[in-house]
Each structure stands twice: as C-alpha cells, then as structure tokens.
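The first chain written gets the first letter, and so on, giving A, B, C, D, E and F; residue counts start at 1 in each chain.
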Amino acid sequence: MDDDLFAKGLAQRKATLGAEYVEKNLAAADDFTRPFQEAMTAWCWGFGWDDDAIDAKTRSMMNLSMIGALGKMHEWELHCRGAINNGVSKEEIRAIIHVVGIYCGVPQALECFRAAKKVFDELED
Amino acid sequence: MDDDLFAKGLAQRKATLGAEYVEKNLAAADDFTRPFQEAMTAWCWGFGWDDDAIDAKTRSMMNLSMIGALGKMHEWELHCRGAINNGVSKEEIRAIIHVVGIYCGVPQALECFRAAKKVFDELED
Amino acid sequence: MDDDLFAKGLAQRKATLGAEYVEKNLAAADDFTRPFQEAMTAWCWGFGWDDDAIDAKTRSMMNLSMIGALGKMHEWELHCRGAINNGVSKEEIRAIIHVVGIYCGVPQALECFRAAKKVFDELED
Amino acid sequence: MDDDLFAKGLAQRKATLGAEYVEKNLAAADDFTRPFQEAMTAWCWGFGWDDDAIDAKTRSMMNLSMIGALGKMHEWELHCRGAINNGVSKEEIRAIIHVVGIYCGVPQALECFRAAKKVFDELED
Amino acid sequence: MDDDLFAKGLAQRKATLGAEYVEKNLAAADDFTRPFQEAMTAWCWGFGWDDDAIDAKTRSMMNLSMIGALGKMHEWELHCRGAINNGVSKEEIRAIIHVVGIYCGVPQALECFRAAKKVFDELED
Amino acid sequence: MDDDLFAKGLAQRKATLGAEYVEKNLAAADDFTRPFQEAMTAWCWGFGWDDDAIDAKTRSMMNLSMIGALGKMHEWELHCRGAINNGVSKEEIRAIIHVVGIYCGVPQALECFRAAKKVFDELED
C-alpha cells in the first residue's frame, strides 16, 4: 500500500462523501474488507480523483452520468449525496438524468429519478 | 415532429459535432433512417442538450464517461471529437478515462485509450 | 413539447398501463420529474409506440424480452402487467422467459420468473 | 444429447437461418465447437423455439429487440436476415429499432441501423 | 427432456447447492416454472457442469467472478453459499472480489462484499 | 506510485502475458497512456494478482469466464493467450465457454468461440 497515495485519497474521499461516513466505513472494516477499502481509497480517490485536471463538481456530474449508465444504484445514491456536497444543484441533477435517459434508455432514467427523489426527500426532512 | 425542438436540436448538434458532418448525415438519411434521425435531433439535442443547466464542455465530459460506461465505442469516438471541439483538453480526456477504469473496470479504460489514441493521431496528422 | 405527439402518446400509454396508473403518475409529477414524464410520454409512447407497423400485443412481447435483456426488473414487472392487459397469455410469458434464459443467460430468466410470479400471484388474489 | 430435441431444433434452426447456412456451420464444427453447436441446437432451437406458444415471425421481432438490448451485433445481423426470412418487413424492423433507441438508448439504436443497412444493402444487390 | 442428462444434472446441482434446497425448489415448481427448472437442470448442471475438465471448486471460483461481472446478485449470493460448500475459503472469496473490482469496476466489488458479508454473517450465527 | 507494488505487478504481468509483449507496451506508452499503464500494473497485477490465495492457472480460468461475461473481446483474446501460458488446456477453455453460454447467454459463448478459434489457429500455425 502506498501510504502517500492513501493519504491523498482519504482526504479526497472525506471531502466528497463526508468525514464521518468515511471514518465509520474504515472503522467497520475487518480482515475481509480492509485490503479493498485501503486499495480503493488509494486507487480511486488518490490516483483517480487527486488530479487537478478536473474540479470536484464536474467529477460529481461525470460520476452521476457514468454510474447511472452502469445501473449501480446503491453507489449512485451515495454519489448523489456527494454531488450535492460538491455543489451540484437539483436542476443540474435533473439535466443529468435526462441525458442518462437519452443515452442509456428510459428505464435507467426512471431508476435515477427514484433514487434522486429518495435523496432529496431525506435532505428536505 | 416538433419543428421548434428540432430546430434547437439541430443547432446544438452542429455546434458539437460540426455542421458539415451533421448535414452529410441528414442528407444521407432515407425513409428507413430519417424518422429516427429527426426524432433523435429533437429529443437528444433539442430536449436533452438545450438546457442552460449544464454548459457544453461539461456535457462532453459527462458523455465521455457515460458512453465509456456503456462501452459503445463508435459513439465514444464521435463524442471524443465533439469533446475536443467543446474545449476538453487531452489531460482532461486522460483523467476521464482513468475514472472509467476505476468505476467500469480496466478493460473498458483500455478500449477508451485505443479510441482516444486514434482520434488524437488523426488530429495530429 | 409537441402537444400533438404528447396527446397521442398519452392515449397509448393509458391503453397499455391503465388510465388510472398513468394519471396518478402525471399528477404526482413535480418540477423535478415533470419535464421527463412529458418528454417520455411524447417520445416513447407518441413517437415509439404510435406506429401502425406493430400491434400492441406484439410490442408487449418485444418489451418483455428486451427489458428482460436489460435486467431492469422494476420496469419489467410494470410491462408484465401491461402485457397481460394487451392480451399476452401466461403460456406466452413463459415462452418469452425461456428465450431470455437462452440469449441472456439463466440468472436473468430466474429474475423474470420471480417478477412474473409476483404479478400472477397479485392478479390471482 | 437428446436426439429428439436435437432433431426438432435442427428443423427450426434451418427454417429461420437457412438450411445451407446451418449445414455449413455444423459441417465446420470440430471437437472444440461441436458439443456446444449440438447443445445449442437442442436447447435454443429445440427447447426454446419449438413451442407453439409464439409464431416464428413474432419470435424474430422479439429476438431483434432482445439481442439489440444485449448489443451483440454479430448475432443481431444474423437474426436480421432470419427475421426477413420469417416475414418481418423493413417498416417493422425500423419500428423495432425505434423501440431499442427508447429503452436501450440512442447509441444502441444507431448500432442497429448500421447493421440493418448492411443487411438491406446486401439483399438489394 | 433428456432423462439421462437431467439425472446427471440433478446430482451435480444437489452436490453444490444442497439436496434439500434443490428438492424444495423442484417441489415448488408448477406448470409455469417446471419446464425451465427441468431444462436448466439438464442444460446447466448436466451439460455445463458434468464435465470432468474442471473440478467443482474451480467452477465455483469461476462462477463467482462471472456472475459478479454480470451483477446478478441474487444468483451470486446463492453461488457464494455453493462455493463455500465446494471448499472455497473466505480468503479465496476475498481475492475473487478484488479481481471483480479491477475488471468490472469498484461499484460491483462493493456489491459483492455486501452479499458475501451477508452470507458469512448467516453462517457464523 | 508505489514502487514496490509496481515491481511485483510487473513480474506477474510478464509471467502471464509474456515479457516481450509487456515491455513493448510500456515502451510504447507516452504521457497520455503512461500513468494508467503504471497504475494498472500496480493495482491489477500487483494488488489483484500478487496474492497467494489463488494460483495463476485458476486465475486465468476465472478471468476467461469473467471477461467473457463482460463481453470485452479484445481483452478476452489477450487473456486466452495468457491462459494457455498458464497451463489451461483446450478442453478447459471449451468447458469455460460452455459455462459462459449458460450464465451469460448463447450469443456471448459464440463470441468466445470465435476469439478462441482465432487464438488456436495462430498458435497452430
């Protein structure tokens, strides 16, 4: 494990998903899940995100369209919260889901609307 | 067909993919392909893209990550050229492909690198 | 929005999914979901379905095989009810799922059997 | 191998894809490919297709939408020829591709248009 | 239905998934689900698995990576229990999920970790 | 970049894909492709493969089924050569493709047979 890359990744991951959430996740890791949690922090967040080429808000918008295309809705919901943290507006999220509908098909857009509605309902509570 | 939506879509489509390319496509359409060409121009480019919520460069970055996730490489190559037209830099395209590798898997990132290399080689000629 | 296409789409959508269900959906739409609900009604149901080339029952059979291939089970269940409304028999649905098993793999056929069983159990209640 | 199921499957397969094509395929099979060719003939064509529940033309329409959703274009092209053999018209194939565009996304519809155009160009020669 | 292939398949299926589970499934089958249950037993387990080329433990490891790639998590969980029955260790399952993360993307690995954790928690109870 | 993880990954990658092929790839890398080539060597081959839990031959068998499920055929062909290097026999590759047919659908198995045939034809030349 590259300690430096892990440290940079951890900072990025906390900035997007929230320090509390990330620390809870790492604390809950055991021998079965820890190696991947650590590698993912270094690889995804350290290597992939810690690159000045793209700002955090644009990355969040890319992630919502990309993870929407993959249809991985557990992760999409998580990144929907992260996108709001990174300054993506409700109107922008709507525009992203429209694009998902066009390129990935209508059923996938409907999945994203359901997940987004759940996130906004929780935030508005 | 909504003439207004089609007109707005056509302007957006030309701005991203180039007027010459789009006009050649529409001119080549026959009874078999014309209804979809027209509906797609209105729906994708008129409804989906003609929305001030997201600027053209950010949309291109979203498209490259989303179409990368779908693995539709013919379309990806087309949108790679469109992204360069919309001001996306080589460093940004590289950063997008890195993210595709992390979220969609290494084989898909390698597909994107091959397609991007082809586009850059053509442009550098 | 093309009013004419929307009107034709709305009629088709109600004929397949039931007027009550569709009206409830449109009434529940807010600023976040309404543009897509309207565009989808015009695009999917007005442009895509309002075409004399294929009758409603055959379209339903195509949809169950296609949405089965996509693995979008929320939508599949909805279209399973729509297919029954359009006259697709239990034996035909079984034959469709067999084909899904062969072309899309056994796990996807098992997903379809679970969803179909849920729909038939509700109808038989 | 169930000889009876294989015989029924072989008849169905020849009726759709053409006797000459199927015989050439089976003749070309060697130890590596023969077990699957035989099992597929019995399973896909004998079990899956030899079922009076759905007629051959409707099956072809289902296959084009389902294999379109899967994005397996080599197989789609083959089944496009089979669909024409089974009486599916050019207008029906166009309507099927429109539905693929709506449910599976625009890039997949464009793939289908390219493959269909190739098939029609060959037939018109 | 090939009785011989069905008998071999049934023995293989029971050996991996447990006789009790398989018998409960077959007993629960009705006219709607029985033809596929029988064909699947003959085709998957009789033709696909009853082949001395690959031992049961290696097959289970292949299945977890392949079904992980497909993202069919209901089936993955079932085969995770089957893999443990076939002698795949917790360390091996972890290593398989790591590979899924690399080739199929991080969100899919996280889905597998959640399903595996559920299986191990049940077994440890 | 973790130099240690990269070194371990490079050794594994060369052992499976051949030293010459890997060195040619790294030598051909430029500013655009080098960061990913290096990260992939460390992450895939160093973290993912350099784990005593699973031997190289079993990993190759898992990879062929998993990459088959993903339908990434450029990568599949590469790993088919790697599998042969790691001692996977022609009979085992056939058995793997049979399993792909059952779980991922017949069209995907046919793609794998075409790619495998190409690899074996080249080797037999």
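As a working rule, a contact is a pair of C-beta atoms (placed from the backbone, for glycine too) under 8 Å apart; a residue touches a chain by one contact, two chains touch by 3 or more.
Because the structure is predicted, anything quoted here is derived from the model rather than measured.
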Chains touching both chain C and chain E: A, B, D, F
Interface residue identity across copies chain B, chain E - same or different by half: same
Cα superposition angle of chain A on its copy chain D, in degrees to the nearest 5: 180
Chain separated most widely from chain E, comparing mean CA positions: B
For chain D paired with chain E, centre-to-centre distance based on mean C-alpha positions, whole Å: 29
Separation of mean Cα positions, chain E and chain A [Å, integer]: 30
Two or more partner chains touched - positions in chain A: 35, 39, 43-44, 47, 67, 70-71, 94, 98, 101-108
Complex interface listing, chain E residues touching chain D: 1-2, 5, 35, 39, 43, 47
Parts of chain A lying in touch with chain B, wherever the complex brings them together: 43-44, 47-49, 51, 53-54, 58-59, 61-63, 65-70, 89, 91-92, 94-96, 98-104
Chain D residues touching chain A - in the complex, by the definition given at the top: 102-108
For the chain E and chain A complex, residues of the former touching the latter: 71, 90, 94, 97-98, 101, 105-111, 113-114, 116-117, 120
Contact set on chain F toward chain B in their complex: 32-33, 35-36, 39-40, 44, 67, 70-72, 74-75
